[in-house]
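Input: one structure, supplied below.
The chains carry the letters A, B and C, assigned in the order they are written, with residues numbered from 1 in each.
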Amino acid sequence: MEQKLSIVCFSGDFDKAVAAFTLATGGAATGRPVTMFFTFWGLNLVKKRSGRTWIGKGLLARFFNFLMGGPGNVPLSRLNFGGVSPRLMRGMMKKNNVATLEDLIEAAKALNVNLVACEMSMNILGITLDDLLPEIKEVIGVSTFLDYSRDAQIIFI
Amino acid sequence: MEQKLSIVCFSGDFDKAVAAFTLATGGAATGRPVTMFFTFWGLNLVKKRSGRTWIGKGLLARFFNFLMGGPGNVPLSRLNFGGVSPRLMRGMMKKNNVATLEDLIEAAKALNVNLVACEMSMNILGITLDDLLPEIKEVIGVSTFLDYSRDAQIIFI
Amino acid sequence: MEQKLSIVCFSGDFDKAVAAFTLATGGAATGRPVTMFFTFWGLNLVKKRSGRTWIGKGLLARFFNFLMGGPGNVPLSRLNFGGVSPRLMRGMMKKNNVATLEDLIEAAKALNVNLVACEMSMNILGITLDDLLPEIKEVIGVSTFLDYSRDAQIIFI
């Protein structure tokens, strides 16, 4: 069997997300079983609502989710300049025919990448599967993730 | 034999530390041999003194250790707001019965996670095993760490 | 055969670069086949020109490359203080006879670490192999990288 690849998407940064999806789709395109496990800041990438929204159970959780934002305002890990640079990078990517984040999520789904979300961080943030994109199939704990990742290469991004 | 798991704890951020210990204890609870290798900023998580202290050999090292701080003032990797958010997250974790960092360190020890520290970064920072929590059993070089990690899944956090 | 080690050098931070090269040379010194894949910010570490320069094709790319800088001004991932801390850390490293980044790149080359650069991020940034250090042998896509990394431990830094 082809070697499995498991990616822990912890960071919600735009540049790191592009790296994560590029590795995932690159792997899946060559026949590897790939799992992407979205946790903590990484959940921002797959929230249903694009911008800042008051989702979550409890005042603190709602406030924290608002600050974290959604796929529409993910920052760069460096040189963010209040959101100017991610837009600039998107432009540079489009100009060079590099897939955007939205394309990459769609490609991941089309290539049967197993997109799952982390139970514990969703509990902390007070959000449910309903708050996430329909591409996310399952909410699992870390033990289940490690179980899925038996004999896989694990990459933490 | 169960597949080994090795985690390089490079980052001293609170959120990443929770991720590292959750993966470590989740793996150890299901019978995997787990090693956590604390290096550079990650050493802050396992310093004996909780707050900012002037430890280390030499003025520069002491100044740098003071700035780095200890387990009592580890920041979030984003939205830190001068230390407000880690406290907020601790509160959200407690409310949802998620283990705190202190619980996780204790659980790691109880589950026989092999907690070791990086020789080179301790030399750079001028600190010794005496400056670290008693849970840290050994100070090892990177070659020894790679040796311990033969056939392991390696995760860099 | 010795277990392979593949390191994705995504981050251009000084401290993380030291960690990446230390793992790479530590692995190579004990006979492992090691590949370092420089991508995105990590390309800053292996640019030919040390400081900020206007390289790249297109105005946006040139502006972005200028902001990113080169090996001479890589920041720390924390406590950077406008570039003071990396210099301070270099000093602490030198004092303790720890190899500097320049030494580590040279050692990696001497130990036959396979130093390669990421095609997609070079396209985004509009730079070519000519803009990189001669130690970088090849520009490859992510599929080729995953192919080189078959059965390897993959570390994303």
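Assume contacts are C-beta pairs under 8 Å (C-beta built on N, C-alpha and C of every residue); 3 or more make two chains touch, one makes a residue touch a chain.
All values reported here derive from a predicted model rather than from experimental measurement.
Shared residue numbers account for under half of those found at the interface formed by chain B and chain C, and the copies are therefore classed as meeting with different residues.
Put simply, chain A has to spin 120° for its C-alpha atoms to lie on chain B, with the angle rounded to a multiple of 5. Each chain gets one centre point, the mean of its Cα atoms, and the points for chain B and chain C are 25 Å apart.
Multi-chain contact residues of chain C (touching two or more other chains) are listed as 153-154, 156. Chain contact summary for the complex, chain A toward chain B: residues 8, 10-12, 39-41, 58, 60-61, 64, 67-68, 75, 120, 123-126, 141-143, 145-147, 149-154, 156. Taken together, the chain B residues at the contact with chain A in this complex read 3, 5, 15-16, 19, 22-23, 26-27, 29-30, 32, 77-79, 85, 88-89, 91-93, 95-96, 98, 153-157.
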